[in-house]
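Shared between the two complexes below is subunit A, which has subunit B as its partner in the first and subunit C in the second.
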Partner chain A sequence: MKNTIRQIFHSPKFVAGFSIFVIILIILFVYPLINPGDPLQMIGLSSFSKPGTYVSVYDAIDTEKAIMKLPNADEKRLQNKLSDEDRIAMKEWLLATGTPEEEIDITDTDHLLKLWKDKYDPSIKPKGMTMAKRNYYKRLNTNLEKALDANEVVIATRNTEDGTLDETKTVKDTEYVNTKDVVNSIYLPLGTDNFGRDVLKELVSAAKTSLRIGLIAGSIATLIGLTFGLLAGYLGGFIDDFIMFITNLFTVIPGFILLILISYGIGQEQRGATTVAIVIGVTSWTWTARSVRSQVISLRNRDHVNLSKLSGHSLARIILTDILPYIASYVVMALILQISTAILAEAQLSMIGLGPKTTEVPTLGLMMNWSMLYSAHTHGYWWAYFPVLLIIALISFSLNLMNTGLDQVFNPTLRD
Partner chain B sequence: MKGYRKYFGKKILWFFLTLFIAFILNFTLPRLMPADPVANIMSRTARGVQDAAVTKAMHESYVKAFGLDQPLIKQFITYVKNALTGDFGLSFSQYPRKVNDIVSSAILWTIGLQMPAIIVGWLIGNILGALAAYIRKGFDKLLMPLSLFLSCVPAFGMAVILLGIFAVKLKVAPIAGGYGYDLIPTFSWTFVKSLIAHYQLPFWSIVIISIGGQAIGMRSMSIYELNADYVKYSRFLGVKDRKIVGYVFRNAMLPQVTGLALSLGTMVGGALVAEVIFSYPGLGSIILDAVTASDYPLLSATTLIITIMVLVATFVIDIIYGFIDPRVKAAQFD
Partner chain C sequence: MKKRTMKVLALFLSMLLVLGTLSACKSKEPEEKPATSTETPDTSKETETPKKEETPSTEEKATEEPTSTTELPRNETLYFGGQQWGAVNGWNPLGDNNNNAMALSSSGSGSRTVMFETLYMYNFLDGSMTPLLADGDYQWNDNMTEITVKINSAAKWSDGTPVTADDVAYTYETCVKIGNNAGNANKLYIDTITAVDPSTVVIKAVLNEEGKAANPLMLVNFLGSFYIAQKDWIQKVEARNNNDPTAIKNDPGEDVVYSGPYGKYYADDQKVVFIRNDEYWGKDPSMWGKLPTPKYLAHAIYADNAASETAFKAGEIDVNQQFIPNIQDLWLKEGLPISTYIDEPPYGICVNMPTAFYNLDKPVLQEVAVRKAIAIAVDYDAIIANAMTGQSPSFQEVPRSIMNPTEAEQSTYDHEAVKHLQWVGNDIEGANKLLDEAGIVDTNGDGIREYNGENISLVAACPNGWTDWQASMEIVAAAGKNIGIEITTQFPDADTYQTTVTSAKQLDYDIFMMWTDSASPVQPWGRLRYLMSNEFNGLDNNWSGNYGHYSNDRVQELIKLIPTETDPAKLKEYYTEAVEIYLTDIPSFSLMYRPDKFHAVNESVWTGFPEQGDGLNIPPADCTDGYGIAALYHITPIE
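Then we have the complex of A and B:
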């Protein structure tokens, strides 16, 4: 036993997979300790806020200021104000007034503004340009001039008696606040989702639930598969035929379809995470049964098994002491694979709206489902779905890697 | 010919048996639902009806219309009879459209998308896996972890990633649908062009996913075969390397054919969810619609059709396998 474990940990593939898996596990259990709270709490009222640190604008006004002169601060400000559409419009004007195209580079703000200052003249009426368009350019020009000149913003409060605005503060363009000094601020490494929930916190909780689903479903599937495989392989005869008939049947009838039918039959109300896990486990045992059976058949007529039989040992004892130890490595491998397929199955099921009930726990599949329902993928809100996919792939990858490593240890023909 | 006849006879028998069981499962599983089956349609039609006697009468008429007052066996026979003649009843959510109309067009989309994608993915995967086993060294070191990782990305995940990169970011592919929303299906050049453009992303996302798993399987099969005694013996005899590789490839390929038959169900399941991501007008999107609208007749028909499609495909693969496996061929001399 000790020797086997040492051998397993000499396989680089297993070690790589194992490390990834353990790291993920540690993160999943440590992160809630650092950042406690309800993972489903809706902190944002707007959906899909970008990842980053959010500081309260309101509190920032009263926070102690530091005066700084950062290089290129003005330029950055302008760059931020000039939208892509404005840039393209400016290019159009410049082209219409006869500036050669190769001189205009709309990505270079400095150069573009210089060109604009030189060439723009509200009195010019380029051919074919409508009045509305010319007015748009006039507004754009005044906006640009304002942006270049203004270096002070006035903060005012409304007088409760007569409704006039009283100036309380001015904010200069050289004032900065330390984000740590602002009383109310939150760091959202992965932004928020469609409900305004912290994606990272939700993801950690979801990954844990999904792992639990995988573990339950995988154990059930392996247990059923193992029992059926052992019985069919060892007993043979009618029981073998019968079990193989059922196994073959459920191999050809797509498990995914069964999953859909059963989940639909259970109904939305009864579908908790555990129920879904059980359903997945019950529908995915077939190939484990198949392979356990073929392993047992090759073991059935070995000398030590025959010896046990002659000694009058009971069926349970023969299976437990003479057969199980020989296929134990195989069963562990099957379990690992079952866990990873179960996690995928949950995700797929949730994607078509048959996942666990939505109000209690997040799962990886439900997070995917929500972000797809709110079209995060077509709007480019990558933080709502990409981390979820990455976690699914990483968990599944680490498990498969462990499995390949084990395979190479126990199947010498596959060794490199 | 006796061996063949026995093989095919067994396969045909098996095909009809599984078909029958599939019918039973499709019929019974949703009926295990504790809720009243008519409640759903009642909630839609009886909205605003105050009189209790009227709702009761409505309920009874629905129970009669759907044949729920008859014994289960009779219901099952009617169900099978109707399904075989292609009559799946009326859709709840898109009433009064027939389930037939909704599903029949979707079948073509799904077959057109999934069959080529799975076959192409399977072929590419096998070739890459065989190459990895034969070349080893750098190619293998790179390909193995990559295919392992690819096979771990769920099909819908690959779909979302491809969509994000090519449709949203680079804008080189359309975002959703089977063809442009501004078009009507005709055999015009613009329609075909739009069709092909919409086909690319779903197609490649399924292909890429299936490559990974197949490559891994083929690689281990090929390595196993390359270490087999007959290869060593042939090497001693001085048989040309190219010829040995041919043998090895062929022998490693055979289990892969059965492997395809066995994994078809899983692959189709994954591809159906990928369809949902692209709102491809196939059966996957219909399942989503049926689930969200709790449209039971539609869901039932869709799952039955997918099951039948997978069964037929598995049957065809089994038949092809019978022709290419020399062991089945050898059996005819018994």
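Then we have the complex of A and C:
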């Protein structure tokens, strides 16, 4: 046994797969300790906030300030409000409203802004200009006004008695705060999803659920497959025919269709993560059964098995001590693959809305489902779905790599 | 031997894996969502009649039309999206199962008058009625029991004959006779319609015990929602169907005579195309004075919302009636020439109030404390920000009542008088306290409160694929978790869902979402009735409202009193009382405000669509509904 394990850990493929898997596992268990809380809590009141650190604007006002005179602060501020495309667009508007071209110089910011201030009038509708374009100019104008109007912003509080505004603070354009000093801030490495939930926290919890589903489903599938395969292969005759009949039946019906039908049949209220896992398990055992059976057939006439038979050992004992150990390595490999396929199956099921219930536990498939429903892929909110894809890919990649590594160790033809 | 088996096995397994992966890829593309998705269902049906989705009649559409129409000149065609799902069944204005959204969408908030026309066009921006087939304003008689309408002498059918008062009277008579939706909806309020002379119609109201009109509002509603058909054509249909009501309703009406600016050009399961009738009577100076700009109106039939959204972004749809999450990103971030009626949140005129009904047939929900606790615990800000992505005013901005956010409806009740009852949500503490005080507590310590010794476990439901509704139900379920009530969500397909909630009694769903009435001349009375009237209780196939089967005698009195009340002060008092009862008893609670029709335009090909503050007073009604159709006379191809 010790030797086998040593052998396994000498296979570079297995080690690579195993390391990836262990790293994922460690992250899954350690991250919730660092960042505890309900992964389904809707913290954000805006869907799909970008990844990054969010500091409280409210608290920032009261945070200790440092005055910094950055040389290009104004420039940056302006660039943020007035990009090169904006300048060209401004020129278009000025031309469309009759300003001669030689007067417009889009490289001279001050001149351009002055001209814009003089000429722009939101009520003018230049001929042939679309509503979308006019709205764009309105927004641009508001932005520019904000950028240029004042270099001091006044913070005021509303007087509760007469509703007037009392000036409490002013903010200058040279004031900075250290983000560490702001009392309330949140770091969202992967932003938020459509419900305003922290994607990373959700992802960690979802990956755990998906792994659990994979483990349960994989074990069930392997157990059923193994039992059927052993019985059919060893006993032969009518029992073999019967088991193979059922197995073939399950094989010809596409497993995924069966999965969809059963999931739909049991209804959403019954569909917890465990139920889904069981459903996946009972629909994906057929290949294990078939291959175990063929292996057992090749084993059952070996001398040691016949010897056992002659010694009068019971069926269970023969199967458990004389046959099972010989195919144990294969069973472990099948289990690993089953786990991997079960994780994928859950993702597929949830994608089409037949997965576990949303409010109870996050799963990888559900995260994909909701980001699809809210058009994350067409709007470019990559953080809502790409990390999910990545983690699914990594988990199945590592499991498959481990499997290949094991194969190299146990399969004599592949041995170095 | 073993090696080989292993090899073969490995091959098998890897093939299985590959196949699995392939099938995974495949199943991700065609989303198995009902096409209805977040299409705003045809709301505001003041009808007692079921809206059944029947299968198309067996006769296939006649194959008369040329198929060379697939190439429509782009700059003469206005493309629509989000209205028509599935193939058209028919063109018969007397039928109920046409599934022909572009031609036949009758609704109190403005019927679609592309092909068939109404007497007046309703404008939900100001509640006005603009004459269409009618000439000038309608006239009430002195005791408000009759409306007189003059028919525009310029109005012509597509066969060139004039539209007469007789057509109006005969259409109504037939609708009542064959018992279609339009007939059933109006016969409780309209006694007779008679043609006094070829250009004058008198509409007589059904009178109540006191000799007053049973509901004068419904008569006005009729003027803007009822399609007029040609008497000669109706008689032809009656003759060929041997006067059999069902056969008449199911007649596909391919030969129909219409009065609107567009007629059928081409329709199959891929798209529906209308072509302009250049002889349209509306070019008469007494009406529009010109023809609508686009020569063709076309609506491609998409599989689902996602496909439709992609087409809209690519400029293949000009006017889109579809909920698009974070729509502002389309112009702010992607720089597409897409706009909505208003450039800022909520981007449209919200006149509908999708509402969660409590199933009052369930004993635990008969406890007002439970109803109130859930209602005040729900985080409405999250629904509006996350489910609706900001495309709705919040409940701080427009406090809850039975009125929609328009000024006209908001002014009908006394805000101060009910202020203490209007909750804004996310009040977990208050909800918990309420339940504790009502004695509904968790005695066995499993985190879930019990009622009569059983854990309170409720099912919140809405149709699958209606994205924003599904997200809202999830947020309601999340609220339950915070107050010790187990709420699980269920998303059945739309047909199953609607059949269940419209049945006389159901115990499948405990909290379920439905739309309410939008804007129309009968509002907010219509919505009051929709939300609380017990006249629908015990009816199967009830599409008229109060799906939770609430009952309150005082509400019934108010429903009867309001329509005939003419004193504004008294009216305000009644409405305030109704709001008070609604917010105290909480038979249902609104989750958001929403436009009747989403209206977003892509100006790649056409421009000049209505926008707020353009002074034209054209409502954002997809350029087709009610007075919204005026937009078709203002748009121009882009240069």
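List of remarks:
The working rule: the second predicted complex is superposed on the first by the 341 of 416 C-alpha atoms of A that agree within 3 Å, B and C clash if a C-alpha of one lies under 4 Å from a C-alpha of the other, contacts with A are read in each partner's own complex, and residues count from 1 in each chain.
Assume a residue touches a chain if its C-beta (ideal position, glycine included) is under 8 Å from a C-beta of that chain, and two chains touch if they have at least 3 such contacts.
The structure displayed is predicted, hence computed values, not measured ones.
In the three-chain model built by superposing on subunit A, subunit B clashes with subunit C. By the touch criterion stated above, A:Met131 is placed in contact with subunit C alone, subunit B being left untouched. In the superposition on chain A, contact is made by A:Gly353 with both subunit B and subunit C. Judged by the touch definition given at the top, the superposed model places A:Ser49 against neither subunit B nor subunit C.
In the superposition on chain A, A:Thr222 makes contact with neither subunit B nor subunit C.
Within the superposed three-chain model, A:Gly196 lies in touch with subunit C and out of touch with subunit B [touch as defined at top]. Of the two partner chains placed around the shared chain by superposition, neither subunit B nor subunit C is touched by A:Ser210.
The partner of subunit A that touches more of its residues, comparing subunit B with subunit C, is C.
With both structures placed on the common chain, the touch criterion links A:Ser308 to neither subunit B nor subunit C.
Look at A:Leu389: by the touch rule set out above, it reaches subunit B but stays clear of subunit C.
Once the two complexes are laid over each other on the shared chain, residue contacts for A:Thr378 go to subunit B and to subunit C alike. It is stretch 37-45 of subunit B, out of 37-45, 127-135 or 325-333, that runs into subunit C when the two complexes are superposed. Residue overlap on subunit A between the subunit B contacts of one complex and the subunit C contacts of the other covers 254, 256, 267, 287, 340, 344, 347-348, 351-353, 372, 378-380, 400, 407, 413.
Across the interface of their complex, subunit A is touched by residues 1-3, 5-7, 9-10, 12-13, 16-17, 20-21, 23-24, 27-28, 31-33, 306, 309-310, 313, 324-326, 329, 331, 333, 336-339, 343, 379, 381-382, 385-386, 389-390, 459, 464, 467, 470-471, 474-475, 477-478, 481, 487-491, 601, 603, 607-609, 611, 638-639 of subunit C. On the subunit A side of its complex with subunit B, the touching residues are 248-249, 251-258, 260-262, 264-267, 287, 340, 344, 347-348, 351-354, 368, 372, 377-380, 382, 385-386, 389, 392-393, 396-397, 400-401, 404, 407, 413-414, 416. Touching subunit C in their complex are the following residues of subunit A: 40, 42, 44-48, 128-133, 135-136, 138-139, 194-196, 254, 256, 267-269, 287, 290-291, 294-295, 298, 330, 334, 337, 340-341, 344-345, 347-348, 351-353, 357-360, 370, 372-375, 378-380, 400, 407, 410-413. Residue ranges of subunit B in contact with subunit A, taken from their complex: 14, 17-18, 21-22, 25-26, 29-35, 136, 145, 148-149, 151-157, 160-161, 163-164, 167-169, 175-176, 216, 220, 223-224, 227, 262, 264-266, 268-270, 272-273, 276-277, 284, 287-288, 291-292, 296, 299, 303, 306-307, 310-311, 314.
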